[in-house]
Amino acid sequence: MQISARRLENITIFDVTGDIDLANSPAVRKALLTELREKKIPRVIMNLQGVKYIDSSGIASLVEGLKASRDLQARFILFGLSKSAREVLQLSRLLKLFEIYENEEQALSNESA
Amino acid sequence: MQISARRLENITIFDVTGDIDLANSPAVRKALLTELREKKIPRVIMNLQGVKYIDSSGIASLVEGLKASRDLQARFILFGLSKSAREVLQLSRLLKLFEIYENEEQALSNESA
Amino acid sequence: MARRRLLLRLQLHSNPEVLCGVRGAVAPIASAIGFGEEDCRAITLALDEAITNVIRHAYGGKTGREIEIRFSKVNGAHADKPGLEILLTDRGAEPKPDALKGLPPGELRSGGLGLHFMRQSMDTVVHKRVGATNRLRMIKFIR
Amino acid sequence: MARRRLLLRLQLHSNPEVLCGVRGAVAPIASAIGFGEEDCRAITLALDEAITNVIRHAYGGKTGREIEIRFSKVNGAHADKPGLEILLTDRGAEPKPDALKGLPPGELRSGGLGLHFMRQSMDTVVHKRVGATNRLRMIKFIR
């Protein structure tokens, strides 16, 4: 798994590639919480286009990001979900709780849901 | 691995999907030799677009097809090689001995090389 | 269970870094038995979650502990609908009573999804304590 | 060889149907160590060929015989360029003298490519007879 950040004005986009599992979900969690809680970035976007696999530990990290964003009145956005990532989120019954877009353009342009 | 035959006039096209390895290369060999030696089909074409992996046992089956076609003055043609299949044929230094095309149209239209 | 044929046995350490290798092994095995792509993904997820739980709960996050996995092809009621049995063995702590009940999904909780995923993905998920070992047996049949 | 860390141990029977599972396991392990895609494909091919040879030659095509594979991460001369060591053990026949020399590639021969593929794909390929077992050690380092 690789995670890298692109920092625009008041927005951070994380580009993630590879599988998210117990080996690296703590790194995802840390990256998200640093951006939201410490840097107080008001909009954090996860580009999951390169993520072909995510398990419950990965979902848990995304949930941490979502919870932090709610605490801080920030927005936490996902886009580019693979079929498999979507299936797993569906299985978790959390799909509707996340703000999800098809692509980066939509993730950047949309006003708060 | 799945192998199925489409039979046109004097031409058989084998559509192969899946990995070719020791578990199924004997089936590939048998299909080829039946078509060439028994049915005396003058042109046998292998559609390898769906083959993401082939090992030396698979290459050996293709070589059997090529040898039979030479014995019988038939044509034995490959098309749709994946990057990985091409690499393995390259490694075997047999790439130049096979008649290989990019796609089915070329494989069907071309006159003998 | 009519018949069982052992396909592959894996021994690994309780190290999250090998999860990817185990996932890589199970998907083509399931596919070779005849499962479709969605089922292969479900089986892969179930096994990943089971190993994750062994690492985190049975071994309390400690690395270097032994985990064994056996993949067997099984025949159920219908000879043409075989299944995959996965037997996971560890030498870690016994689960606390009721721990394996699992929590309802759909709540904003960072955790508690693994057992739900396993049960959703497989037909059978059974834990058994045998001596000093935990044995988790998961089975799924082709539909 | 400076250090070796066992990542995964596989035990399988000499059954061609499990080759796909072994390939599925090794590619992500190699990738996790840091090998690029082309190297991962080469390592997968080498291991497939090695197991194929054990099934066909050491066990004479008989199924149900034991094969063990160990994957270890190794550090070579450069700490930042680790490698993958694959140790394959079987209890089959000892190779005939000179059998493992291999044949030159590029000839229209149905066979004789496996050893060539293994040697082209890996940095080291060494066979050793130990008691009643054959041990094939293959190593490749990241370049």
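We call the chains A, B, C and D, going by the order they appear; numbering starts again at 1 in every chain.
By definition in this document, a contact is a pair of C-beta atoms (placed from the backbone, for glycine too) under 8 Å apart; a residue touches a chain by one contact, two chains touch by 3 or more.
Computed from a predicted model, the values in this text were never measured in an experiment.
A.B. asks: Could you give the fewest steps needed to travel from chain B to chain D through chains in contact?
C.D. replies: The least step count works out to 1.
A.B. asks: Going by the touch criterion stated earlier, list every chain that contacts chain A and also contacts chain C.
C.D. replies: The shared contacts of chain A and chain C amount to nothing, since no chain touches both.
A.B. asks: Would you identify the chain whose Cα-based centre sits farthest away from the centre of chain D?
C.D. replies: Of all chains, A has its centre farthest from that of chain D.
A.B. asks: Distance between chain A and chain B based on Cα centroids, please, to the nearest Å.
C.D. replies: Centres of chain A and chain B (C-alpha means) sit 46 Å apart.
A.B. asks: When the centre of a chain is set as the mean of its C-alpha atoms, what distance in Å lies between chain C and chain D?
C.D. replies: Comparing mean C-alpha positions, chain D is 27 Å from chain C.
A.B. asks: State, to the nearest whole Å, the distance from the C-alpha centre of chain B to the C-alpha centre of chain C.
C.D. replies: 39
A.B. asks: Can you tell me which residues of chain C touch two or more of the remaining chains?
C.D. replies: 17, 20, 23, 32
A.B. asks: At least two partner chains per residue is the criterion; list those residues in chain B.
C.D. replies: 23
A.B. asks: Can you name every pair of chains that touch?
C.D. replies: Inter-chain contacts occur between A-C, B-D, C-D.
A.B. asks: Under the stated contact criterion, what part of chain A meets chain C in this complex?
C.D. replies: On the chain A side, the touching residues are 19, 21-23, 53, 55-57, 59-61, 63-64, 66-67, 84, 87-88, 91-94, 97.
A.B. asks: Would you tell me which residues of chain D are touching chain C in their complex?
C.D. replies: The touching residues are 6-13, 15, 17-18, 20-29, 31-32, 71.
A.B. asks: In the complex, go through chain D and note every residue touching chain B.
C.D. replies: Spelled out, the residues of chain D in touch with chain B are 16-17, 19-20, 23, 38, 41, 44-45, 48-49, 52, 55-56, 105-106, 108-111, 113-114, 116-117, 120-121.
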